[in-house]
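Both complexes below contain chain A, partnered by chain B and then by chain C.
Let's look at the complex of A and B:
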């Protein structure tokens, strides 16, 4: 039986501004029929180009410069137009990252899924019957209702299921999934991953999964290829490759992940120095040499050949030196633990609510959230999209005013609702690091202006300002030459450092970090997390760290608050929140974020149709999705907040019966 | 720690992006436009000193002479050399049109910036006023105003500038609304920046691109408007060699076969408009890439 997809020595170049840039070079791998292959890489590594090249879908500027592609024995680059069309129509499918853009907003779901069958020659009535069957197959419960809806009425997870159904309509032998779960909430992602795995078992389709997320790839794929700067630097069975990497880049990636249970007081995260090169930059030696700890003269001049390690391949001159490195010295110094004496809180949020008016409807973005933040403490704020994390940050900063009755106190003194009405010192006390540095940094200004302006507004003049600027620059590990550069000239990691420097410029009491690493590549994330932990320790700044990524929160946070649809479901010391007893929602989140190698019985929550949110619910906001709901009680009666040892949980279920963390086995 | 230092020390080795200016210079449209506009700018500055004949010297004996070796573009009804007059005639239009555009761009940018940044009632009222102004026919308003205030270069400049201001304001406002949504504006607010600083220091530099493109497009229209007005008799009076005036003075004799009396002035006006529009298009492309 021939492989579903076989790629041999593939090279692809893009033509940009009159120059050929080679974005893929010498990539080889094969996916057996019914197999699952994962392609891992950071942005710009060539993952998506590889998928497009395999299906001969490269954009006009792209060109195959070498190698062969075979899909089930047929070569898309040799086939004539008709053969290529037949191949694409019957045997290969693709699912893209952004389902909202892949669906036609003006056609019903039913029409779009049925169309996938009509293309294959089915009559309209039959096509619709089959569409319903396929929607049921992708575990959409109310298939008939979904058929009649428009894409905007479905949540992201549901939209992605619909696309999966359309892709599977032709019963393809090869399905390419390009970041299918990126941008979805953790619980939805977990559910979708289970579904993709189950469908592969049922239909026997070969999968190629493209992802930057090692956890997702580990769960879905048997073999994995790691792409870096257009080269497949390592390739092999998923389990072996992730447990025992044989390329310095793979090792670095794995080590820079905050692994479950790692905390900032147990040591710094390992980082990969530098940044991934831009696509298509020609290199002489090994593409990873500039960032590799093992690199020597040979690496910089001589491109490494693929080393066969028995069923797996690594593109490194010094394969044998990697296993010792894995147990090596990278751990480094531990952060000093933050002393937590019972001191008065820096920030007290009391019964904060926020209602937005959308037309005539009132939408509650946040309801009745109270918490305190101690000096030097890090509060992790966890929740999915729409949970009110960002609204809470905006309330604290005074960008929007809370509903009547809510109050924010700084050092015990109530703050004005809006920043404009707060005093200069109060404004200075609260600063934010935003998710997207491209938006948060004014692209018209240099780094010197961006940071200097804040210092000037903070009242610093002349030499004092210069000195402080130099201090800040050193603190975020930027160099003086970066001062004259504009954001456009900096990489994502450097931009975020500038944003962090700006936040710390006025010596704030509290820094709010709103998903500061989610726009960054994995290998850059660790350095930013280390930096935040350092700054916090050195300046004794309190931090509110907002993230959807539990392992990141676990690394940094002293206490954790879990938000769901604007309600605080659970708040307590980080260890206790992770160890349990958990709120059922926290349990689902923890289970969804399962890391490679972690074993626990999955807890899944059902995703719902969007717009089914009942306004004026009297009971628990989570009841509709809760796997442990207690009949009508949860639906009608608001759950009590039960607190023990500073760990509060909002649930009807008695504390003793709530879930605990699975013991590691 | 040392690893971190290395991390920050490595330059993000981006392929050197060709600067906008270099991109612009490579574009054929830009070169052609710059050549045309540059030619007329030189003509306006030095033309009267370089031309073969005195543009004002009449020669009734050689009136309405067709193009020849002596008079390249022929002569008009008073026997004046048309080539010399076309070259010298660029001065008025190339003074009035750019100044009017400059005025319109400055006033319009300020209004658009204020409307987009301040929003609320101010923006609403401004928006409605702009709609009203934009819907008025330019030439009719211009004629009324020129009759009311008297025709002079200054009136023409102010008039065209004020007619253009709402159009520029609309473009700038749209660009500002795109910027307002970005986080850096909120960040500046949180740092305690004043409204004016946010408008001019934070937002303005980021909308200069669209402002520049809009100004260039407006310049093309201004050339056309100035020529039209002087054709209608609201420009410089005789014996000025102004293009619009020359066409107005001579179009009565075209029927007699004396095509050269208006064709070269018309072609000059057209070439200037085309040149400016080529520049505008090239600028737009370069800024969009």
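Let's look at the complex of A and C:
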């Protein structure tokens, strides 16, 4: 039986401004029938191009410059138009990263799913019946209702299920999943991954999973290929490759992940210096040489050949030197522990609520949230989209006013609701670092102008300003040459450093970081996290760190607050929140994160259709999805906040019966 | 803002009415107040001052401007657009007749240009990078920049004088049937087609290219659908939305901006009516003409917006994260 997908020595080039840029070179791997293959790599590494090339779907400017693709023995680049269409109609499917874009916005779901059956020769009515059955198979409860909906009326998770249903309609031999869960909330992502794994078991489809998330790949795939700058630098069985990498890049990627339980006072995260090369830049020698600790003259001049390590392959001259490296560099310089004495709080948020009016409806984005933030403390703010994290940040910054009754105090002094009414010193005290540095930095200005402006506003002149600028630049590890550059000349990681330098420039009391690393690649994320920990230690700045990534939050945060639909469900010292007892929602979040190598029974929560947010819920906001709800009590009576040792949980379930973290075994 | 389609429509209509009101003020100010003494303007510099004063009184031009404006607006609301100074008759029949003429010409031009330009734009997108694409894009661009009077004259010379295929005057004899009228309308419509072709084809091409590269099109291709079904059902539906707005915007140009074409072809449209009124200092006619073109523009824009809103998938209501 031939492989579901066999790729041999594949090279792809894009034509841009009259130049051919090679974005993939010499990639080979195979996926057996029913197998599961993971492709990992950072943005620009060529993952998606590889998937599109395999299905002969390259955009107009892309071209196969070498190699062969075979799907179940047939070659899409050799088949005629009819043969290619038959291959696509019966044997291959793909699920794209952004489900909202992969569904036709102007056709109903029913039309689009049924179409996949009509192609196979079913008549309209039968096709629709089968479509309903397939939607039910991807665990969509109200399939009939979803059939009549337009894509925009469904949540992201639901849209992705519809795409899965469409992809599986033909019972394909090969299903390519391009970042299928990126951009979805953690609990939704966990559900989808379970679903994908279950469906593979039921249907025996071969999967190619493209992801930047090593945890997801480890769970779903038997073999893994690591792409870097268009080369498959390492390839092998998933378990062996992730536990014992044989390429410096794979090792660097694994080490730069904050492992579960890793905290900032246990040492810095390992980082990969530098940045990935822009796609298509020709390199002599090894593509990774510029960032590799092992690189020498040979690496820079002579491209490494694939080294066969018995069932796995690495593209490195010095394969034998990597295992010792894995033990050598993991421990870096430790951060100085942050001493915390009971001091008066910097920020006190008291009963903050925010109601937005949408048409005639009132939507509560935040309800009755109170917390304190001590000097030098990091408060991690965790929650899914729509939980009110960003609303809370906007309230603190004075961009919107809280509902009557809420108050924010800075050093014990009440702040005006809106920034316009706050004093200059008060406005300076609170700064924000946003998720997307592209939209946060004015593209027309140089780095010098962007940071210097804040210093000028802070009243610094002449030599003092120059000195401070140099200090800041050094603190965020930027080079003086970057001062004259504009944001578009910088990579994502460098831009985020500029944004961070700007936030810290005015010596604020509190910096709010809103998902500062979620738009960045893994190898760059570690460097930014180290930087934030350093800056906070050196300046004694308090930080509110908003993120959906629990291991990132755990690494940085001293205390953690968990928000769900605008309500504070749990708040307490980071280790206690992770160890438990924890709120059922926190438990679901922790379980959803499911780190590589972690074994425990997953806790899953039911997903809800978007738009079913009930107004006027009297009980717990989580009751409808809670796996542990206590009948009507949770639905009708607001749960009490029970506090012990500074760890507060809002739940009816007695503390002793709440979930604990499973001990690793 | 999330409210129902009825509320949305009501809001847009009230904005339209507000625009119309502002236009009426400007038109009134321009037409009735700026010439200073209306009677003098009509009777000329040599007229007897007593005659001027008498005419002013007769026209009501000696009363306060606000009163005159209110009278004028009230008249319009009652269907009385005013009294032509030149013809000593109500202007409404003139305006309505000219508008009907103009609309007929616009309709002929649109019927010719819309399928032609959309077809060419889509074809260029489907064959992008090829010779056909380049020819269509370049031709569209070059034709757009040729002024209407140049094309008009060329068309008259070519089809009317040398080839003698079609009548060069757009005015038909009373009692001419629809088909006969069409004969007269094709030549004047060609310069308009030439001007609009480039715009619309470019929009259609851009929209189609975008839809062709969209993930949903890839999804459709991967379903194994035939190329024709992919294009008809998935590409065109999403590709041509922005084009509708462009066509609507051009419609208001077709009804009212055609002074040159109408006079070259001696066509009794609203454009030439306004021009003639300006020459004859027939202010009520001028005002009513400009106002009716304005009303037409607002109505067409509103219609296009409603159509686009009806066809466009609304964005997902945002949730504060």
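Definition applied: the second predicted complex is superposed on the first by the 664 of 665 C-alpha atoms of A that agree within 3 Å, B and C clash if a C-alpha of one lies under 4 Å from a C-alpha of the other, contacts with A are read in each partner's own complex, and residues count from 1 in each chain.
By definition in this document, contacts are C-beta pairs under 8 Å (C-beta built on N, C-alpha and C of every residue); 3 or more make two chains touch, one makes a residue touch a chain.
Since the structure is predicted, the reported quantities are computational estimates derived from the model, not experimental observations.
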Partners on chain A (chain B, chain C) - clash or fit: fit
First (chain B), second (chain C), both or neither touched by A:356: second
Which of chain B and chain C A:478 touches, first, second, both or neither: first
Chain B versus chain C as contact partner of A:105, first or second or both or neither: second
Touching partner for A:115 - first (chain B), second (chain C), both, neither: second
Angle at the Cα centre of chain A, taken between the Cα centres of chain B and chain C once the superposition is applied, in steps of 10 degrees: 30
Partner chain in contact with A:55 - chain B first, chain C second, else both or neither: second
First (chain B), second (chain C), both or neither touched by A:345: neither
Which of chain B and chain C A:624 touches, first, second, both or neither: neither
Shortest span in Å between Cα atoms of chain B and of chain C, once chain A is used as the common reference: 5
Partner chain A, residues of chain C touching it in the complex: 1-3, 128-129, 213-216, 218-227, 233-234, 237-238, 311, 313-317, 319-321
Of chain A, residues touching chain C in the complex: 52, 55, 57, 59-60, 81, 85-90, 92-94, 96, 98, 100-107, 115-116, 119, 150-153, 163, 166-167, 170, 354, 356, 358-360, 363, 365, 385-391, 610
Complex interface listing, chain A residues touching chain B: 17, 21, 271-275, 277-278, 280-281, 290-291, 332-333, 397-399, 419-420, 424, 427-428, 430-432, 434, 436, 439-445, 453-454, 457, 476-479, 489-491, 493-494, 497, 502, 506, 527, 530-531
Chain B residues touching chain A - in the complex, by the definition given at the top: 1, 3-10, 12-15, 18, 182-184, 186-193, 202, 205-206
